[in-house]
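Dropping the structures in below, format is C-alpha cells.
Shared between the two complexes below is subunit A, which pairs with subunit B and subunit C, respectively.
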Partner chain A sequence: MNHIALKMLMGDKGKYLGIVMGLTFASLIMTQQPAIFVGLMSRSYSFISDVGLPDIWVMDPKVQFVDDIKPLQDTELYRVRGISGVQWAMPMYKGLLKARLTDGTFQTCNVIGLDDTTLIGGPPIMLSGKIEDLRRSDSVIVDIDGARDKLGKPSPTSGGKRIPLAVGDTLELNDHRAIVVGIAKVTRTFQSQPVVYTTYSRAKSYAPRERKLLSFVLVKAKPGQDIAQLTRRIRAATGLSAYSHNEFKELTYNYFMKNTGIPINFGISVALGFIVGAAVAGQTFYNFTLENLRQFGVLKAMGANNLTLLRMILLQAVLVGSIGYGLGVGLTALFGHAMRHTILAFKFPWQLLIFSGAGVSLICVFAALISIIKVIRLEPAIVFKS
Partner chain B sequence: MTLKYLLPLLALLGFIFAAYTVVSSNKPMPVAAAVVEPAFAPFPSYIAGSGIIEAKSQNIAVGTPLSGIVERITVKVGENVKAGVPLFYLDDRQTRAELAVKRADLLKARAEVSVAQATVKDVQSLSQLAQAVTDKRAISSEELLKRNNAVQVAKAKLDSALALVQQAEAALLNTQTSLDRLVVRAPVEGEVLQVNIRPGEFASAGFLNTPLLVLGNLQQLHVRVDIDENDAWRFVKNNKAVAYLRGNRQFKADLTLAYVEPFVVPKKSLTGDSTERVDTRVLQALYSFDRQQIPVYVGQQMDVFIEAKDYTADTTAEPSS
Partner chain C sequence: MTEKQLAVHCQHIGKTYQAGGQKIVALNDIKLEIALGELMMLVGPSGCGKTTLISVIAGILDQDEGSCALFGEDLQQMRSKDKLNFRARNIGFVFQAYNLLPSLTAVENVSVPLIINGVKRAVAERKAGEILELVGLGTRTKSLPAQLSGGQQQRVAIARALVHSPRLIVCDEPTSALDHETGQTVMGLLKDVALHADRALVIVTHDARIFNFADRIAKMDDGHITSVGAVNGLLG
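Now for the complex of A and B:
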C-alpha cells in the first residue's frame, strides 16, 4: 500500500514538485526570518556575552539596557568590593566617543575602558597584538569590523576599498592621540559601532569631563557563593542595581523587545510565511488528493478500509513535509553560510529547527486533514460514475 | 526515477547542513582571561579601599621663603640628606651688593663716632680752660656758658653716632639674614624624592601645585587608605588589614594601624577639572608595614582590605562568615 501511495505522489512530477516547493518556501521563511530576528536580538546583548569573566554587573538602578549608561562615582567600586562574597570587583567604562579619522571624517566609537591592572573585560579573541599591550602609553585595541570598515583609512584611488586600520596606526579620540596596538574580534553589536578598548584611566581622560565616569562594576563571586544571593546583598548594601550575567542579557533583550518594532516586523514575516506556506501546500495537496480520488475509490472498492487510506495520505504528507522541511532549513543554513562575513545579523540556534519543524508539521497536518476528510467521505461507487 | 531519490537525498543533505550550522555557529565566544589575577580579600567580610604609599614623615614639599632664580642645586634625587643641609641656592648677587653697601655704611658710622669723640675732647678741653680762669672779669659769663653747652652738644652727637653704628650693624645683620634665606635647607633628615627645579629656573615663594623639591623619610613607609564615608561606620581601628601590590597579588603586606586622620576629606579630584564639585568624602587611615615584605615605591597605589563585621541584612543568607 505504501508503495502505491508513493507512486501516486510522485506520479505527477509537476504536482509533486509544487507541493515540495510550497513547503520548502514555507520552511525557508519560517527559519530564515526568525534566524535574522534572533541574530538581531542577540546583537543587543552581544557585548555582555563577550565579557564572560564576571558573574555580576553592578550599575545605576535606572539603567534600562547595556548601552544606556548612567555613570557611578568611582568610590562605588570600593563599596562593592567591600561586600562579603565578592571575590573581586573591577571598574569598566563604556561610552560613545568621537574619533577623528585621517581623512577628517568623524566616527562615533564605542569606547570600553578596562581596569588598568588586570584588564578584565577585554576582547575575547585577539587577531593581532596582545591585550597586555594596552599598558603602553596612548594604546587602544580596535575590533576588526571597525578597523576594516568604519575606522579604515580612505583608499588612495577614489572609490576604492578602504585600507584597514592596522597595528601602529594612530587615531584621534576626542582630541587625544591613540595608537592602535591590537586588533580584536568581537561579536557585532546592535548599533555596529567600532569598538575601541583601552584602560579605564585612559578612557576617563578621553571622555568628556564629567564628575562621574564609572559605567559598570564587574563582580566575580567567591567560589561556592550563590549568585542570586550576592546580587541581593549588593543591591541592599549599595542601593545600586546588580544583575547576573543572564539577568543583564534578559534586561537588555526585554528592552529591545518592548521598545523597538523588531519583534512585530519579524513576527509578521513569519506569520506570512506560515500562511502562504499553508495555503500553497495545503491547496496543492488537496488538489492532488482530489485528482487521485478515483484511485482512492478503486482502492476502497477493492476492500481497503479507511485506516489504510488514512495511513497512505499521512505517509504522503509526512514525506513531502520532511523533504520540504529539509530543503528549507538547508537553504536557510546555506544563506547563513553565504552571509557569514557580511553585516547581516544571522543566528541559527537549535530551537529554530524545532520551531520551523513544528510549523511545517502543522501545515502538513492541516493539508492532510482536509484530504483525509474527503477520502473518508468518498463513496467507492464514484469510480464508476462518468 | 531520479527525482524519487534526488529530492529526499537533497532534503537529508539540507537538514544535515542545517544541523551542522546550528552546532558550529553557536559556539560561545571564548572568555578573555584576566591579564593578571586581581587581588581579593583574605577575610570573609571587609572594607575595601585604595591606598597610596607615602613616607612616614609624609611627603614634604619644600618651598622657598624668597622668590628668585635658582643658581645651583646641591642635592640629587634619591640622595639622603641630614637636617640643615643646603638643598639649593638662589641667585644672591643683589643681596651681596646690598651687603657691601651695608658694610660701608657701618664703617662710615664708626668713623662718625670717632669724629664725634674728637669733637667731645676738643670742646671739653676748651671748657676746662675757661673753667680754670678764676678772675671772672677775664671771661664773660656768656662765653663760659657757650663752652659748657658745647660740651653737652658734642656728647649728644657722640650718642647719636653710636646709635647710628648700632643701626648700621642691624641693617648689616638684616641683609645677612636675607642672604641666608636664599639658601634653602633640608628641614628634616630624609631622602630627596623629587627635584622639579633646575638652575636658571624661577622658584617662586608660596604654595605651588608642583613642589620645587619633595623630601621624605623613607626609613618607614605608610600607606594612606581612602575609606568611603559610606563605609566609614564599619571601620574598626584594631581590625586586621592587608595590602596587595597592583599588578601582582603575590606581593602582599600585613598592615598595622599608625593613626587615623579624624578629619574626613574630599576625595582627590576625579577628573582634574578645577570647577568640579566633589561630593564624596573619604576617611583616611594610615597604616605602617614592613618595607622588606614588598618592593614598593613612594606614591604607588595598593589595594587594601580591612576586616570588618558583616552587617548585611540578608535574610536568606547562610552564615557567611
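Now for the complex of A and C:
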C-alpha cells in the first residue's frame, strides 16, 4: 500500500508542495534562528577561544565574564608561577583605551597586552606582518575589521569609503604614539571596538596610571598535570579565581544567558517559528487527510485495516517531514554560507540538526496523529454518501 | 432456499440514528433474502433507508437490531479483523461517485482490492489489466480518472469491484451520474460480466430506466421494505 500512499500524497501537487513548504519554513526557522543565537553566544567567549594556548585563566574572584575586568596586582603573577604543577604563567592586560586617529577623532579600542617575551595570547591569524614585530618600539597589531572600519583613515573625497589602516600607519593611544606593525584576523566578539594587540609593558604605559593593571594570568599546566586539581590549587593558594579554558567560556556564556535578553529574544523567535511551522504544516497535512477522507473510507470499506491506513499516513508524514527538513536545513546552510563574510553571527553545530530534526518530527507526528485519529474514527459508510 | 444458497439473509434489521437530539429510524424490521446468481435492486424515495440497508449488508455499518448473514456468516458476530478480511475477500463496491483514487491510474485503481488482500503489486496490476480488458478499457489502463469520461470511470469502478472475484457486489446508484445510453451499457456490463451463479448483485437505484435489469426489486419506504418481487410483477 506504500505506493498508493505516496501517489495519494503527490497526486495533488499544490497541496504536496504546501505541506513541504510549511515544513521547510519550520525547519529553516528552527535552524537559522538558533544558528544565529549560537553564533552570537559563541562571540561572548570568542576572545577566550582565540587565546588557545593556556590551560587555565586566573583572575579576580569577582570577575563574571571575560570583559568584566577587575585588575590584579602584578605580584599575583609570581604567586601563581610558584604553584606546583604550573609550567608557565604569563600576564595579560585587557582594557578599553582611547585612540586618536589621524583626522583628530577618537575611537575606543580594546587593547590587549601580551607577555613581552613570549607574546602568549596573541591574535590567532596574522594577515600582514608578524607577531614578533610587537617587539619593535611603539608597535601594535590591529584587527582587520577595526583597521578597515573604525580605525580607518577618512576618505580624501567627501562621502567616500574609509581607507583601511595598514602596516606602517600610526595611531595615538592615550597620547602615546603607536605604529601598526601587523594586521590580524580575530574572531568577532560582543564588543564592537577595534582590537589592538601590544606588549604587556607597553599596554601598561598606554593605560591610565592605576595601582593594579594585570587583567589575567594565563597558565599552562605541566604535562600530565590534572587541570581541575591545578585550578583548585591555584584558588586555594592565591585566593583568586582560576578557570580552565572551557570553564571560563562557560562562565562568560552563562553570564550572557542570565543577564541579557538574547536567549529570550531568540527563544521567542524559535518558538514562534515552531508554532507557525507546526500550524502551517500541521494544518495543511490535516486538510490533506480530510480531503482524502473519502479515499481512506473507500480503502476501509474495501477491507484495508486501521494499521494499514496508519502506516500510509505515517509514510506520508515521514516523507514530507524528511523533504521539508532537508530543504530547511539546506537553506540554513546556504544562508550561513552567503553570510560568512558579513558581521552576522552564525554558527551551525551538528546539535542544531538534531534540535530542528526533533522539532520537525514533532510537527509531523502531531499532524499525522490528528489525521490518524480522524481516519481511525472514520465510518466506512461515508463512501455511500454522494 | 437454504442458508447456503443465500448470499444475503437479513432478519428483523433495525437501525436508528440520533440527529439533533431526535431519533431517526432508518431501518425497521427489515427482512430480505438475496440468492446467489441474483441481481436485486433496492428502490425507493430518498431517505427511505436504501443506503443504510446496503451499508449493513456490506458489513460497513452495524445494525442495532436483528441479524444479517452473508453466505451464512453473521458479520456483526465477527471480530473486527475477521470482518475486514471477510469484506476484503467477499465484497466488491461500485459507488455513485465512482470513488476512484484520483492520483492512481485505471490499472492501479483496479488493483487496490487485490493489494488489500495481500497480492503482490505486479501480479495485482497484471490481473487488473485483464479485467480492464474485459470491461473494454484495455487501452486506457494508464489513464488517470480525470482523463476518463463518467462512463469509463464507472467501468473502472466495476473492474475494481470484480478484480478480486468477490461473491457479493454492492452498487450504490451506479448509473445516476451517467446518461441513459451509458447507463444501459454499464448495467449491461454489470449483468454480463459481474453476475454469475456464485455471485449476487445488490443495486441501490432511483433510475427506473434500469429496473428491467433486475431479477427482483425490493421497494422501500420509511425504513421498511414494502414489497419484494419480480420486475414485471412489481412495476407492471
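FYI, the second predicted complex is superposed on the first by the 386 of 386 C-alpha atoms of A that agree within 3 Å, B and C clash if a C-alpha of one lies under 4 Å from a C-alpha of the other, contacts with A are read in each partner's own complex, and residues count from 1 in each chain.
Note that a contact is a pair of C-beta atoms (placed from the backbone, for glycine too) under 8 Å apart; a residue touches a chain by one contact, two chains touch by 3 or more.
Just so you know, these numbers come straight off a predicted model, no measurement behind them.
Trainee: Mind checking subunit B and subunit C on superposed subunit A, clash or fit?
Mentor: fit
Trainee: Contacts for A:Ala381 in the overlay, against subunit B (first) and subunit C (second): which applies, first, second, both or neither?
Mentor: second
Trainee: Name the contact category of A:Ala236: first (subunit B only), second (subunit C only), both, or neither.
Mentor: A:Ala236 contacts subunit B only, not subunit C.
Trainee: Is A:Met90 in contact with subunit B, with subunit C, with both, or with neither (first, second, both, neither)?
Mentor: A:Met90: touches subunit B, not subunit C.
Trainee: To the nearest 10 degrees, what angle do the lines from the C-alpha centre of subunit A to those of subunit B and subunit C enclose?
Mentor: Placing subunit A at the corner, the angle measures out to 170 degrees.
Trainee: Output check: A:Phe106 vs subunit B and subunit C. Expected answer is one of first, second, both, neither. What do you get?
Mentor: Neither subunit B nor subunit C is touched by A:Phe106.
Trainee: Considering only touches as defined above, state whether A:Ala301 meets subunit B (first), subunit C (second), both or neither.
Mentor: Only subunit C; A:Ala301 stays clear of subunit B.
Trainee: Quick one: subunit B or subunit C, who's touching more of subunit A?
Mentor: Looking at subunit A, the partner in contact with more of its residues is B.
Trainee: State whether A:Met10 touches subunit B only (first), subunit C only (second), both chains, or neither.
Mentor: Both subunit B and subunit C are touched by A:Met10.
Trainee: Classify the contacts of A:Gly336 with the two partner chains as first (subunit B alone), second (subunit C alone), both, or neither.
Mentor: A:Gly336: touches subunit B, not subunit C.
Trainee: To be precise, I mean the smallest distance between any C-alpha of subunit B and any C-alpha of subunit C in the superposed model; what is it in Å?
Mentor: It is 12 Å, taken between the nearest C-alpha atoms.
Trainee: Return the residues of subunit A at which the contacts from subunit B and from subunit C coincide.
Mentor: 10
Trainee: Would you mind writing out the residues of subunit B in touch with subunit A in their complex?
Mentor: Interface residues on subunit B, with respect to subunit A: 1, 3-4, 7-8, 10-15, 17-22, 25-26, 28-41, 44-50, 226-228, 230-231, 234, 246-247, 267, 270-271, 273, 276-277, 279-280, 282, 305, 308, 310, 312-314, 316-317, 320-321.
Trainee: Given the complex with subunit B, which residues does subunit A contribute to the contact?
Mentor: 6, 10, 13, 16-17, 20, 31, 49-53, 73-75, 78-79, 81-90, 115-125, 131-132, 186-187, 204, 209-213, 220, 222, 229, 232-233, 236-237, 319, 322-334, 336-337, 340, 347-350, 352-353
Trainee: Quick one: in the complex, what on subunit A touches subunit C?
Mentor: The touching residues are 1, 3-4, 7-8, 10-12, 294-295, 298-305, 308, 379-381, 383-386.
Trainee: In their complex, what parts of subunit C are in touch with subunit A?
Mentor: 51, 54-55, 58, 60-61, 81, 84-85, 87-89, 91, 93, 95-97, 99, 101-104, 108, 112-113, 115-117, 121, 172-173
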